[in-house]
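Both complexes shown next keep subunit A, but they swap its partner, so subunit B is in the first and subunit C is in the second.
== the complex of A and B ==
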């Protein structure tokens, strides 16, 4: 075999994989064929290291309409004839190289996944990670990514409801940019991504095809990278205006019966769009690359098939409806060209005029080798987890106030308004609870219902304990939904990790998925779609394993929703959930890193309590008993209380709160399964009765009101002072 | 009476305007594709927000050449009402139907947030249902919303009572801090001299129900209905 290592590296295939292709094909692949294999067998498209693990996630459920992988995005039924379509996807590598365009095209890609199914996109969220903002390059990446998301999403007129952003050293060279899109459709209008029906036509719509983005799937997303500047030309440039026209045209088509299917062109471009949709339709395809409209002269068939030019859709037009479909695209001033047809021979046949340049059985392309390995817990992890809290001194009462201010000013906790005010979050006339709360809430016009949306993920926890943190990620997202009054409906997940060919990374991946699966089962929440982003490392330094969960929840009556800020003077403040002070809850906390520069210990969670807590909170909101609900996460209980004050513009006063155990753990420990709620005094007894019904511990903390944040004997801050540091903590870097 | 909402390629507030007028206020509304030229059945034309033609070149710079715009010019000459919101305001300025221009926000960032607007002129067809100096709450959402005009034009606008809305504090004070984009004189909305064309950057159609945080935007639609 004469294939060079250089070529194999370019398409990220191993020599053994190449041999497997030759064996299965019975001959050496042509250049185009090899390129197609490289893309489709990449981790990004083929999930070769993760598929065996991902199948442990619970995928089914009463409301689940399609299983992950069957379509471009997951679908859940919410009654009233409506379905929600949701997916999250990473654009980490492109964003590291070219933050503005990388993030922008990440939004463009995820939006296409949604409207390709006939659903109107109604919300975007983003989960972002960067290195510390003290570094100029990280500020450039942060500003570029937020600007790119804003420029693309705002132009489309899809509200961006926030999400999350965190900072840690490990993301310095490798930021994470995960984009989530949610759409709504009438169930009967759902469009399948299937190419079927002999003689049906393959119509390519939207942008012309150029040389941009070659090897995006196989190169960028499937290997670590060292020489990023060299790769800059592989990042695509987005045209959101064109995408907006595609949305309207494709949604118009979704209401007709003129098309058999639709599939967007994303990673691996025409190759994956054509092959994957034909494989789902159990047929074959024939494409003539000469019919593909080009942006540049002299493109080879290889380049046409692997281009990742943005804003392109493949529409499978039923025989005889070509003119009608074309008229819709003409109205929206979009190019459309028939480039091939559906066949029944099970082959992917690519021609250049009359010359066949690739002819491969479909099933070979779509069945990459799947890897599964036995790995042991790495020893370095034992060391990290064996953290002894007594090795750090407790805080004195005098120190507590200043530490609280430091935490509020930390970019990981400070107000995110300077990010989400750059996103149009109000277009659509649906936003009921805005970004900046535990979960955003959007009402669904024409119904009494609303949905909540949140993304969550804590890489630091996951670095310390991937199994437990997998579970915590799911639990926290569900807790955030519960705080908004929404029953968790479904999850879409994005698993961002390092190189899975390394044992310790594979261990993280495996444990993290197992933990997520356990929490999903316990809380009865299905995973309906997702994405893996592996090889997030530079010079052998991997990022924290960072699972991100996007969750949609359902509120049956939109008037019964809840936000995080205190609402009324005189309300009583209670803590629902675990109220013991456990020293080990300092493990992995923001406090421990910020004040003691330690990333050690191990988080823990009691999923039974978690489940009861959600039910308790949901019942209290449904019955209109509580006025606010905010979960305790980064920064612990003190930060959670302060945030409820700052969001509501009201103070807090606690006179009789006897703090037990270590002060730092009591105030800044990050024990899970806790929600701070406020309630009118006359309804307090009802809240206590609901808590007792669900066997959820409840503890009175204080009273809402005044202009100060007071825990008598420990903290006495003016709200203005707290607001200033919290408001400016992240804003000052933008 | 009938409202017409113009849809350019890239427009997106068309649906929200339709919702506020039709679903909330029960008015008759049609969409008007930008290639249409017959506006005879409409009493008020809305140029809604969005990114017409992707805001490429300059916001509104391409849309102003759409076939519908010549008809809108005639419509304005016939003393009928036109309201441009956000991108619509930009289109009206580009078309010369309103004076001045909308430049990039002074901080060079997109801005989506709730603002307060002081009603400076409540005798226009668009504001008759507002109280004098009333402060309205509604969202803005734009990258190019900094109103600019030369000194002579500004003086003329002020002298003729053409400044209808100014960014203000919740108590109606016109301060620099209340100005979200660096607009001259805190200008958020203006009318032409005849008073039948309104351009405003904030989005009244997004303030149409209490559950969205405000329904102050309805005062504008209701004023139009009363006028007609």
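== the complex of A and C ==
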């Protein structure tokens, strides 16, 4: 076998995989064929290490219209003939190389996944992770990524409703940039990503093809990150104004019956777009690369097939409708060229003029080897989990106030306004609850309905206990939906981890998915789409395994929604949910890391209580009983109370709160399944009745009002002082 | 005192939406002979420095650290004594 290791490395195939290709093909692949295999058999496109595990996630449900993997994004039915289309995707590696363009093209890519299906994109969210901002390079990445997201999203006129951002050492060399897009469509206009029907034409639309992002799928997203900085010249630069034209033209076409399908060009460009859509349509394709319009001279067939130039779509045009379709694109000043056709021979045939440069059975390209391994729990994890709380001293009452201020100033907790104010979240005039709350809420014009959107994920928890954290991630996203008054509808997930060929990383992946699956089943929320991003590591230093869950929820009556900030002086404040102080809830907490520099212990969750808590909170909001709802997450109960004060601009006063057990655990422990709500005094009895109906513990904490944050005997802070550190905690780095 | 004239342009293989937009607009105005447009930046910097080698080194560093994005852009500059 003459193939060199160098070539295999470039396309990220192992020698065994190469031999498999030769065996199945019955000959050595050509250069173009090998490039196609490299892309389609990459983790990014082929899910070789994750597919066997992902199938454990619950995918079906009454409202679910298509199953994950069948189309570009997941679809749920929300009644009135409308469907929501949603997906999250990572753009981690491109953003590490060129933060601004990397993040911008990440947004462009996810938006294409949505309008490809005939849905109008109506909201964006981003889940971001960086190394500590004390480091200048991290600050550069952070600023660039946020700027790139803002510029692309704002140019498109799609509101960016926030998301989340966290900082930890492990993300220094491997920042995470996950982008979520949600679209809405009339169910009858959904477009499939299928190339079928002999003689139907493959039309390439939008930008010309250049040498952008060669080996993006195979080379970068499927390999660890070391001396690859020289791959930089292949960075993709996006053009949001061109994408805007594509959106309008494609949505116009979605309303006609002139097309058989549409597929956007993302990772692995034309190769994956053509092959995947043809495989779904169970046919074949024939493409002539000479017909692909180029931006650069001298491009080889290999480069044309693997280019990741942005803002391109493949439209499968029904025979005879070519001129009509072209007229639509002409109207929007977009180039469109027929580059090939659908065949029935089950082959992917690539030609350069008359010369055939690749001819491979479709099913070989789309059936990469799937790996599944037995792995044991790594020993280092036992050690991390065996954390004994008594090894750290408790806080004295005098220390509590200053610690609360430190937590509020922590970049992981401080106000995110300096990020989301760069995003236009009000374009389109549908934002009801703005970024900065547990979940953002958007109304759906023309209906009484609204939807909530949130992304959640805690890498530190997942590092400490991947199974439990998988469940927590789902539960927290659902809790955030519930706090906004929305019934959780569906999940899209992005799993960011290190190299799955390592036993400990594979263990994290497997356990995390198992935990997510358990919570999804328990809470009855299907996973409708998603993405895995593996190999996020540099020189054997992997990131925290970071599952990110994007959740969409439905509010039947937009007037019955809820936000996180206190609303009225004199309202009573209650804690719904787990109100016992458990010392172990300090495990994995922000407090433990910030104050004691420890990342140890293990989070825990009771999913039965969690489910009842959501129902309780939803009922209280639907019946208009509570005025605010905010869940307890990073920083624990004290931070949650303080945030409700800061978001509402109102103080809090507790005279009768007997703190039990350890002070640090009671105030800053991160026990799950807790929501802080405020209620008018005359409705308090009703809230207690609802809580008792759902068997949810409820406990009165204090009263809303005044200009101070007071827990008598422990904390007495002016709201101004708290606001200053919380407002500036992240802003000061920008 | 030196005047540095700095020219920054995208690397040849990098997509240039601005250039393409200009090209399209020129074409629409009837300049159909336009084959390609690449857009870039031009910056003038006055430096209180008498030593040419020192000035060169400084401008080079400015370009690398701030003025150009070496990941996707190339730069070159001229120094003029003023």
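The rule we apply is simple: the second predicted complex is superposed on the first by the 733 of 734 C-alpha atoms of A that agree within 3 Å, B and C clash if a C-alpha of one lies under 4 Å from a C-alpha of the other, contacts with A are read in each partner's own complex, and residues count from 1 in each chain.
Just so it is clear, a residue touches a chain if its C-beta (ideal position, glycine included) is under 8 Å from a C-beta of that chain, and two chains touch if they have at least 3 such contacts.
Here the structure is a predicted model, which is why all the values come from computation and not from measurement.
With subunit A as the common reference, subunit B sits beside subunit C without any clash.
By the touch criterion defined above, A:309 lies against subunit C but remains apart from subunit B after alignment on the C-alpha atoms of chain A.
Of the two partner chains placed around the shared chain by superposition, neither subunit B nor subunit C is touched by A:713. With both structures placed on the common chain, the touch criterion links A:241 to subunit B and to subunit C. Between subunit B and subunit C, the partner in contact with more residues of subunit A is B. After superposition on chain A, the vertex angle at the CA centre of subunit A, spanning the CA centres of subunit B and subunit C, is 60 degrees to the nearest 10. Using the contact criterion defined above for the overlaid structures, shared-chain residue A:320 touches neither subunit B nor subunit C, since it reaches no partner.
In the superposed model, A:81 makes contact with neither subunit B nor subunit C.
When the two complexes are overlaid on their common chain A, residue A:649 makes contact with neither subunit B nor subunit C. In the superposition on chain A, A:97 makes contact with subunit C only, not with subunit B. Taking every C-alpha of subunit B against every C-alpha of subunit C after the fit on chain A, the minimum distance is 6 Å.
When the two complexes are laid over each other on chain A, subunit A has residues 239, 241-242, 333 in contact with both subunit B and subunit C.
Chain contact summary for the complex, subunit A toward subunit B: residues 147, 150-151, 154-157, 239-242, 244-245, 332-333, 420-429, 431-432, 443, 445, 558-559, 734. Those residues of subunit B that touch subunit A in the shared complex are 9-10, 12-13, 15-16, 19-20, 23, 49-51, 53-56, 109-113, 139, 141, 143, 203, 205-206, 208-209, 211-212.
Residues of subunit C that touch subunit A in their complex: 10-17, 20-21, 24, 69, 71-72.
Partner subunit C is touched in their complex by these residues of subunit A: 97-98, 101, 207, 210-212, 232-239, 241-242, 295-296, 309-310, 333.
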